[in-house]
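Please find the structures below.
You will see two complexes here that share chain A, one where it goes with chain B and one where it goes with chain C.
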Partner chain A sequence: MSEQINNNPNPAKVDSRKTEINRGIILFNKLGIWVIVVALVILGVIIAMANGSSFFGASNVQSILEAVALQGMVCSGLIYVVYAGNMNDMSIPLTMAMAGMMTVQSINLGFPIALAIGVLSGVCIGLINGFMIGKLKANPIIWTWGFNLLLSGIIRVVWGGKQLYADSVAADTEYAQNAANSFYAISRTYIGGVISLMAIVMLVMFVISWFIHSKTSFGQKLKLVGTSYEAARFSGINCTRVVTMSYVLCSTAAAVGGIFYAALRKTASYENGTGYDFACLTCVLLGGTLLGGGQGSVVGTLGGVLAYGILNNILSWVGLGTYTKYAVQGVVFLAIVWINTYSERKLGKG
Partner chain B sequence: MERKNLKFNGSFLNNNRAYLFLIIVLFAGIFRNNFFTAFNINSVTGNGSLVMWLGLGFTICLIAGHMDLTVQYVSTLAALMCLGLHSRQGLPWLVCILIATCMGVLVGLINGFLVTKLKIHSFIATLGMQFVLRGVMYMYSPEEQSIGRDYSANEALNGSLIPGLPFSLYFLITTLVIVIVMVFMRNTRTGRNIYMVGGNLETAWLAGVKSNQVTTIAFVLSSASCALGGALNGIYSGAANISMGEKGIAPLMIALTATIIGGTDIAGGHGSVLNTYISLVAVAFLRALFKKTEMQVLVIAIILIACICYETIAQYRKSKVLGTRPNLHLEYLKEIGRG
Partner chain C sequence: MKRKSLAILLSVVMVVAGCLAGCGSSGNETAPAQTEEESKPADSDGGTESEAEAPAESTGGSNLEESLALFDEAVASVMTTDGHPMLAPGVTFEVPAAEGTAEELEALDDSESAKWHYYEHLDWDESQDAQFPASPADGSKGKHVIMIVHGAHAWTTCFSEAFEQACEAVGMTCDIYDPNWDQSTQDGYIDQAINEQPDAIGVIPVSADHAAQQFKKITDAGIPAFCVNTTVNAEAMNYVMAFTGPNDWYQMRTLADSLGEAMNGEGGVAYITHNVGGSPYYARCYGPLTELAEKYPNIKTLDIQSPGFEAAAVKQVVADWITKFGDDLNAIVLADDSDQAIGTVEAIKAAGRDDILVVAAGISKQGAELVESGDLYMMSYQSCQGDAGLAVRTMAEYFNGVDISRVSYIGTDVISKDNVADFTPCQW
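Entry: the complex of A and B
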């Protein structure tokens, strides 16, 4: 750049563009969403104090954690798909529904086996997605969206569009009824009376996700594939396997989320998980993961999930209804994504 | 315009699969009772018209290389606004439709601004706008979640223009607008530019196309047509609620399905508004063919998946051939006489 300026025949024309990078942008880029989480917590404390109540009260913390637990579970897997540069897994809603349906349908075999079958259905969906996108290179959005519709059709035709209840599906034996009861109980267990089991499972899944992402060879390969697919292919990485693996992890996490969702709602139907595709993508993007892939972190995603939950919580403190929240969420989402994109562009990464 | 000599082979069938789909559905209709009655055709085409507008918008945006996820919500908000302005403020219908369309233009401008100036990926930008629009929708019609029923202009849109023709005026307006947009996309400079920008943004920019402007025009066209369609649908059905047009499948999903079946390239730059329209007519008749919603969803999904699989596998085989010898693909085409 400097050589060009020196060789310029007309000395009056000097390149006046700024070359140094704004420090605030670098700081924001490093800290990312946690700045916003802290800001939201401070805002929440102020608003809760104005309402004469405590933001860090046991019931409020519990409600925030419970509200984000299901989304957090799904996000801990979705980050791999976004990271690998495949934008979004649109088949998340029906993966969740399918896992719930399979678990409830096979509740007669006993609770652990039913859980395993539910998770296994998620793995199968992930394998199909991975084969189509990793091997045959289908368009990720269109394929997963179409597959979502296909799964919806299959579930509706096979089960006749009905809802399944675990206690009515279970046979009259004591074994099956116990299984149904413990299925319902997983979403209603509180450890130490405060923190729900769902939040614990979410945190455990995030720890596993962080371990896979940063400590295993798969995670390192994923970073290269996400950054540059072609470069990764030429350096001898089996890209097909990496992409397939990312989809399998995503669908497995979604299946776990779906099982908890079905247990929470006490029913399994094709409508379980509606809206989770976009909500979870929102969380992952808030966490600083680039849509193009190759940048982001699991810790940031956890921050994104928390920010989403705290924002919702604050909006209900302010007194907005469920639906009015959508508008505020949309504006906040656009603003944060814009700041994210802008800082990436200024750093020359976007 | 030069005419290629038509050959009845696989490629021909694939390029015109929307028409094939329509023919198959209409043929299957023979075996159902009361399928080809005037009343049935009228109601099927009328009720399917909303999705045709959405498909129009979605196709224009996909040709420009972007995804517009807001189409469904723009149309619903337009319907709510149109009926609301008439029943609450007492404005005449034409003004209501005009204001609703202006709202669509505004949403399109915002979408275009987000995508071109702020450089947010279109999928994400329209996703955010979708949330905003949903919030505005619930703010506009709180509690009851539907705007008062009003059947005063219902007759005009339901009635047929020419006696004996089994199509409602609403469907005829839809068809007319789609033909106009098709001519616009094919024969005007702006329309061709939309194709060019979708095909390759960099090249289009280097060739002197104002790519930002053209992208914004595509978004505005999409949102405005969806708003107009939504407003007309609100008048046609006499009532509007939050989940307008949602009969088992989200209208956005049907629009996407029809766009893919119509042969629009997912990456942009290739496709036709008319093909989307034809496949949406076919989808409307297909839904009348099956009584159960479950079967409709499954059949539509299978057709969509078949189309995606076919294109993916064709692309995969082409990529296998392309790397080995530079012009082997062309040689092969020349050999079978399609060079």
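Entry: the complex of A and C
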């Protein structure tokens, strides 16, 4: 037997890099934020037991759901803007404020009409945002931030910087006062005496959002637009319409959140909704949606919202001070986003 | 094409703005200040009313006489929305001696009053005071003042309107600048105001830490500087002609006394604070905390949280407290009677607890309604319009040549279900 002689002057190098992918990474990539939600729930159960109480007690579950209900409502719409690759809608705070102001201001027309006007104000804001960003290609952050300022100015000028109280705006008639009371009641109603209407509305909005995102042609087009705008355009998709629609959905959801917000604090004011732009973006990103667009899910966003609420709940149980809470929240959120990005990269998706 | 689109967009924005303007009718407006006939009795408080002394000499002639007449008429006739004299005299308090240096006090436990001496009292070294401009003593009539507030808020709107109304009543004119909570913008407005050379400048500092610099600039320019509403540190007081505003510590201590009594001196209390670091944070948390610790040692502090001013966030904190502390939670002290109170009351209702006493710093419309319904046990009375009125009164007295107190506080009261009607309709 003669020995094989390798005459190749440039022998092929063996790629010794690790090709195995950690199972945990695969699991996290598949289940996403829900892994964290389950982990937080387990942690919550342990901490609650240590405190001699029950994490799954009706009052605690109610507390968590109620605390995130308003954010959840807004997130159910914001995901479309982020998914479409437009990063964030900075006009969310004043969209919420405007919806509250419009609803309260028109309370004399009756509760359903006032509600419709409030929601309609959100639709209008979404249309303007969508037109400017989808059609005129304005920078999404700069435009929505500027539009937020414009809305703030309009509200302050029109209503003189004052707060609106539904019962004060309502005329002294039974019909108008009933409308005002109905408005206040929407944030204080408990179905079956246990679960709040706000939490139910949030869950319904997520179901609708999931349906639109997963089961409609708009949802499919949005995926393509978010993944590659140019490819979508060359495929014959009306990208302008898709982007505009994403803003309309976002602003409508923000308007619904704004109406509940105003009803909860019994006041419509230009301050309502302050901070919701970034708080909601945090939840959407926690849910696995990428800032660049094209990846993420409505179910993941719901998980992000719940993780936000459960973490707050646990930190209250532990009894941490405000500053420490912020620090822990920051660390946990950064860790989640890092794991998200890491798992995407490992699986060649990022 | 783009031009056409822009034109369409501008038209849409203008139409929307126009529609909104049409919607903005006056249904929401704060009720105008009342006339004397509608007024209610003045509130009571624990301090000493600082009575204005007559001007030393009438160097201003007829303008001074007219100003004094206007002043008397304004004090008697201009009322707040809830029926109290808007230009009521201020209240002064004795400042006790500090029980050590600032460093020594800082080392004390949070529950000891002495620790907070320099937070609670405007206690400064008067020998370090700047050279303040002497009063012209020629009358407030025709004087122009600039008021620089801290930022846009419904409270600020109410304050500004009352300030303008009070100025007009004493014959002064005013400009009000709003930096929208931005420190550098407020600094810019200070410079602008100095350049305009008004007869006086009033400031609600955005930050107490920055105030010394601001007031020094104004005083160095030879313009009398008045600090309004927000207390500042000892260094800043050396450059402040006069401070007027609420005595948050006293108000909250009084409220805590009533709470401790209602709790029969026993139980657990949790605190929701104001924004961390500001003067209301210390006053509305450590005022009642130290008061209860001193007078009712069997009342325990369970927790202190700062979830901000969003009802939903406060609701979660309180709901978590109820689950965590159970029956040990007997009372909650709030820094705010609107959003914080709503969130707290909603959480308590949802948990089916009716034994938790809630007290808050007031007074807003939401808070008054909660007191009326019995959901809020008590709250303090802090008049926004009275705050503006006292500032204008002090400025007018200065122009009229009257000796003014360096520190004067607005009157206060504890509001309960029994007397809430005396403090409504609310000012903002």
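In this section, the second predicted complex is superposed on the first by the 323 of 350 C-alpha atoms of A that agree within 3 Å, B and C clash if a C-alpha of one lies under 4 Å from a C-alpha of the other, contacts with A are read in each partner's own complex, and residues count from 1 in each chain.
The criterion applied here is as follows: a residue touches a chain if its C-beta (ideal position, glycine included) is under 8 Å from a C-beta of that chain, and two chains touch if they have at least 3 such contacts.
What you see is a predicted model; the values in this text were computed from it and never measured.
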For this session: Please tell me, clash or fit, for chain B and chain C sharing chain A in the overlay.
Result: clash
Problem set entry | chain B versus chain C as contact partner of A:285, first or second or both or neither | first
Problem set entry | First, second, both or neither for A:188, with chain B first and chain C second | second
For this session: Classify the contacts of A:263 with the two partner chains as first (chain B alone), second (chain C alone), both, or neither.
Result: neither
For this session: Using the touch criterion from the header, give the chain among chain B and chain C with more contacted residues in chain A.
Result: C
For this session: Determine, under the contact definition given at the top, whether A:331 touches first (chain B), second (chain C), both, or neither.
Result: first
Exercise. Where does A:62 make contact in the superposed view: on chain B (first), on chain C (second), on both, or on neither?
Worked result: second
Exercise. What is the contact status of A:345 with respect to chain B (first) and chain C (second): first, second, both, or neither?
Worked result: first
Exercise. Is A:33 touching the first partner chain B, the second partner chain C, both, or neither of them?
Worked result: neither
Exercise. Is A:154 in contact with chain B, with chain C, with both, or with neither (first, second, both, neither)?
Worked result: both
For this session: In the overlay, answer first, second, both or neither for which of chain B and chain C A:145 touches.
Result: first
For this session: Pick out the shared contact residues on chain A: the ones touching chain B in one complex and chain C in the other.
Result: 132, 136, 150, 154, 156-157, 160-161, 321, 323
Exercise. Within the complex, which stretch of chain A touches chain C?
Worked result: 48, 51, 53, 57, 59-60, 62-64, 66-67, 69-70, 102, 104-106, 108, 124, 128, 131-132, 135-136, 150, 154-165, 168-171, 188, 190, 196, 261, 264-267, 269-271, 275, 309, 312-313, 316-317, 319, 321-323
For this session: Would you tell me which residues of chain A are touching chain B in their complex?
Result: 87-88, 132, 136-139, 141-143, 145-147, 149-150, 152-154, 156-157, 160-161, 278, 281-282, 285, 291-292, 321, 323-331, 333-334, 337-338, 341-342, 345, 350
For this session: Using the touch definition up top, name the residues of chain B that touch chain A in the complex.
Result: 67, 114, 118-121, 123-125, 127-139, 142, 249, 253, 256-257, 260, 266-267, 292-295, 297-302, 304-305, 308-309, 312-313, 315-316, 319
Problem set entry | chain C - residues contacting chain A, complex | 2, 5-6, 9, 12-13, 16-17, 20-21, 23-25, 27-30, 152-154, 156-157, 273, 276, 303-307, 310-313, 315-317, 319-324, 326, 338-339, 342, 346-347, 350-351, 365-366, 369, 428
